[in-house]
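Two complexes come next, and they have one chain in common, chain A, joined by chain B in the first and chain C in the second.
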Partner chain A sequence: MEQLINIMMVVILLTNLLLLGSSRLGTCIPALGFQGILLGLMLPVLLLSPEGISIHTLILVLISIPLRGLLFPWILFRIVKKTNIRREIEPFISYPVSIFLGMLALVLAFWMSSRLAGTPIPSLHPLMLPVAFYTILVGLILIVSRKLAINQVLGYIVLENGMYVLGIAFAGEVHLLLELGVLMDVFVAVFVMSIAIYRISREFSHIDVNQLQNLKD
Partner chain B sequence: MNVNFFIPTLFAVVFAPLILGIINRTKAFFGGRCGQPLLQLYYDLFKLLRKGATYSKTTTYIFRLGPMVGLVCALLATTLVPFGSQRPFISFSGDILLFAYLLGLMRFFTVIAALDTGSSFEGMGAAREVHFSALAEVAFFLGLISLVKITSFASFSEIYSTSFANLWDMKSIEMILIGSSFLIVLLTENARIPVDDPNTHLELTMIHEVMVLDHSGPDFAFILYGSALKLWVLGSVFVQTFWPIRSGCVYLDVLFAFLSMIVLGVIIGIVESTMARLRLLRVPQLLVAGAALSTVALVLTMR
Partner chain C sequence: MENGLILWALLIIPFLGGFCCFISKVRFIQWIASIVIFSMLVLSGIAVWIIITVGSIEAAHGWLFLDTLSVYHIALLQIVFALASLFGKSYFPVEIAHKAFDPELLPRYGMLWFSALGAMNLVFLSNNIGIMWVGVEATTLLTAFLICIHVTSQSLEAMWKYLIMCSVGVALAFIGTMLVGAAGSNLKAGHSEALLWTFLYQNASNLNPFFMKMAFLFLVVGYGTKVGFAPMHSWLPDAHSQSPAPVSALFSGFLLSTAFYCIMRYLPLVEMATGKQGWAMEILVFFGLFSIMIAASFMVFQRDIKRLLAYSSIEHMGIMALGLGLGDIGTFAALFHILNHSMGKPLCFFSAGKLVQIYGTNSIYKIRNAMKITPVWATGFFLSFLALIGMAPFGVFMSKFQILKAAVSKADYISLIVFLFGCSIVFISALRYMLLVLYGESESHIHPQKAYKRDIFLVAFPMLVLLVLGLYMPEFLENILQKAANIIRGY
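== the complex of A and B ==
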């Protein structure tokens, strides 16, 4: 069981690296969905050992896995289809450099969580904090380094995934309503952003945020 | 003096060209062809050794020195890597650095011999080779550092000692990460397909082949043999990391290591038949990704 969680954590780390290094949306979006499924499975796997799965967790899993693993990728793929943009050619920070930044972020994340290790925080697994920090940092890097609006939505979802892991790491089983509320917020945010991107692409025939500062009558 | 210490070197010296034959046969199988004989590289080497060498007037002694130094470096590298559980001839704490730098010296001499010809084409290949191997070295060193950190030894023979197989039970994730990063390094350093296509001649995309175009006769034989040895030593490092099976008997381990080298040849052949060569601009990305895998492994071992 310990090994299984370890593998899940490392795979989440690797999907983050993949998101940083891949220019094709056709690779990034499934990777994001995969990460979402892993995150959804994390809580039940973590809680499996002490005392079965509560109805609490079950509901959360049943809602969060289809949402993160299927619905978000589906929405993003719809935008890709509508705007007909398959990949980002020239981001602000090139792909090798963003992988390098990702490596620095990894070290930073492990350092930060080692600083926190002394404080009395009930953490379910030693890798949880670093993975959470790392996922948040990767989300931030994705948001600031990409020009395409769709990639920023991607970064936002990654950021939110990191928040979710951080929540589990600090509080374990959060109150169901609270967690569902957060999921609802994220869902609405992604939904609204996707509509906005679609509108932008129809209006300006591109979704390059760098050019959005030019006003158009 | 124990004769067994020479087993790793002996296997490398005798069987290194065979691996290339296996790779070629695997590729031929995927292409639906018969393929060249398994021992083709041996025939090529004998043919080249019997020929005379031609030297351009613009070249200096460096051009003649390059292939010899390269071969000597590769031969020395074979005396550092254990084979199976058999310890190598030379082994001391820190020999992993010597290994990496021997390969570096070999590359350096190939590069300056290429530059010595004065051909802009070879200069271009040299620039590419140096660019990619500088990135590959980061991945290789980070992988080695994580191995050292896991085992707390700094010599190949102690890292891959009998207890190494047990590490797979405790540190399997780290080992998989290090192994994958070593595979990327192996393919890059030996100019195999995702990075460089060994079959293309006279194309503007090639890297390693372009540097050795002006060598002929015995010099070219040295280069071919040296790169076969390099593939063998890097391959045995990869094999030892990825599937270290220890039976207890040294000879059985050696036999098993030999079989895994053949499997490695088949794997490289499959990779080459199923993948296309990456665009030149994408190669650094692959290498940085390899370095990132090693970094993840290193950070995981440090915590």
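== the complex of A and C ==
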């Protein structure tokens, strides 16, 4: 079981690097969905060994895997289809540099988790905190460095995936109601952002955030 | 238990109202709105009365909770919301006549408008700090489309910036919330009460100080993005200047304070966990002073009337943070300042919105001779802006003065000087424009506008409140403020 969790963690790390290094939305979106499915499976796999799966976990898994693994990629693919944009144009930070930044982020994530080690958290797995911080950092890098609005949504979803892992790492099993509330917020956020992108593309005939510079002082 | 029902009512009625708006015909919407707003006003009045007599109430196994601090905010929110909705009635008909707004969209925007109220109420009512986070995030999502009611390229840009910046900021606040949960993990709480604010408050001195410090940094930056603290403020002037006036009024009047309220809730937890050394308060003083200075320097050369007001909001949020950070009488003053600001600023946005509507431009250089053309709104703009920049005898002057006293009594002379300097820059740069707007010669041929009774009420009510508060503090209000301040101080 330990082996399986380690592999899952490493694969999540790798999907993050893939997201940083790829310009084609056709690669990024499935990678994001794959990451979402892995995250959804993480909690049951972690809890499998001690006392079996509770109904609480089951409900969460049944909601979060379809949401993260299928619905989000589907929404993103719909935006791709409607706006007819296949790849990032020219990011603020080039791909080799952003992979390098990703490596730095990995170091930072391990450093941050080592600072928190030794303090009383019931962390379920030693790799969990670094993976959480790393995913959050990658999400932030994606949001800041990409020009297309759709890539910012992608970054937001990655950021939120990281928050989900962090929540499990810190709080263990928090109340179902709270988790559902957070999931609902994230779902609505992605939904609202996709409508917003659709409106922007209709008005501007592009979704390049860098060109949204009318409002200044 | 019967008291608990009122919490449910405060939470559910706005969402119910939003749903009714969505399914109803356009002509019934104003009836639905009146019923919802009236019942919310009455309910919040009853809630204030109950809290004064009982102290605090809870429902849903402690997940919903109301004490003096939150009931104060809820009552203010309902008043601001009612004023903003009432103003909508004199704002949107003109927009419809100008073909700038399609009345067929009214049900949709009505739903967002009332649901945003519900989400804000959720923030104030929830005792679970996770659910509080859910509420703040929901306010961002529900209000995003209200910014671009007028679909222009600028408003879409403002909406996108708002959506991304606030979502990311609030996501950082989530990390802070989880860290607070982790800080309490040695308390051995069951997972239904681990994140309850009351539980954390009772055990605050046993929380892990290192985690609480980390958490507070994330929380201040995260919720601070939504409050509009500099340097995370860049979405705020855009969103405020592009949204229609009633929406800007609600944004400035209370959405910012809603996020500020979350920081207020965490302040005592962090202070008690770190042994009351004033660590967290110093951070707030820093953000407060920085926001005041940034806002003041941007106000000097500002030409857009609504952006000017938006920067003024950043300044006022900075003043509140400063008051909270100074502590003691400053905490009281910060709470009092919220009341003053949420009376003055919506009126300012109403009048500015009307002026923009009449003159058809946001540029402050083109709005001239307003006293002749629309005396009511020009007076409203003049008086409310005068009150906001701290002219005596209005309430804002009193709360600013109390914050000064707090700085003096704490011998924090750096804050004192920066605060005074910032306020005087704002004072001068605001007055510079004011007289030209009111009396300057205008070349355009705009006809004098008719004033309705509603408009006069909208101007007179907030100004009277501000005037009374400046001259005399009613005893029950002082009690409420004192009790709320004690909650923040951690007594």
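Couple of notes before you dig in:
One rule holds for everything that comes next: the second predicted complex is superposed on the first by the 214 of 217 C-alpha atoms of A that agree within 3 Å, B and C clash if a C-alpha of one lies under 4 Å from a C-alpha of the other, contacts with A are read in each partner's own complex, and residues count from 1 in each chain.
The definition used in the following text is that a contact is a pair of C-beta atoms (placed from the backbone, for glycine too) under 8 Å apart; a residue touches a chain by one contact, two chains touch by 3 or more.
Bear in mind the structure is a predicted one, so any value in this text is a computation, not a measurement.
On the superposed chain A, the positions of chain B and chain C stay apart, so the two partners fit side by side. Between chain B and chain C, the partner in contact with more residues of chain A is C. With both structures placed on the common chain, the touch criterion links A:17 to chain B but leaves chain C unconnected.
Of the two partner chains placed by superposition, only chain C is touched by A:188; chain B is not. In the superposition on chain A, A:101 contacts neither chain B nor chain C.
Shared-chain residue A:80: touches no atom of chain B or chain C.
In the superposition on chain A, A:170 makes contact with chain C only, not with chain B.
Of the two partner chains placed around the shared chain by superposition, chain C is the only one that A:136 touches, whereas chain B remains out of contact.
In the overlay built on the shared chain, the residue A:126 is in contact with chain B alone; chain C does not reach it. Following the chain A superposition, chain B and chain C show a smallest Cα-Cα distance of 22 angstrom. Note for the complex: chain B touches chain A at residues 172-173, 177, 284-285, 288-289, 291-293, 295-296, 299-300, 302-303.
The touching residues of chain C, counted against chain A in their complex, run 63, 128, 130-131, 133-134, 137-138, 140-141, 144-145, 148, 151-154, 156-161, 163-164, 167-168, 171, 174-175, 178-179, 181-182, 185-186, 191-192, 194-195, 208, 210-211, 237-238, 241-242, 298, 301-302, 307. Residues 3, 6-7, 10, 13-14, 17, 21, 95-96, 99-100, 102-103, 106-107, 110, 114, 126-127, 130 of chain A are the ones that touch chain B when the two sit in their complex. Partner chain C is touched in their complex by these residues of chain A: 116, 119-122, 136, 140, 143, 149, 152, 156, 159-160, 163, 166-167, 170-175, 177-178, 181-182, 184-185, 188-189, 192-193, 195-196, 199-200, 203-204, 209, 212-215, 217.
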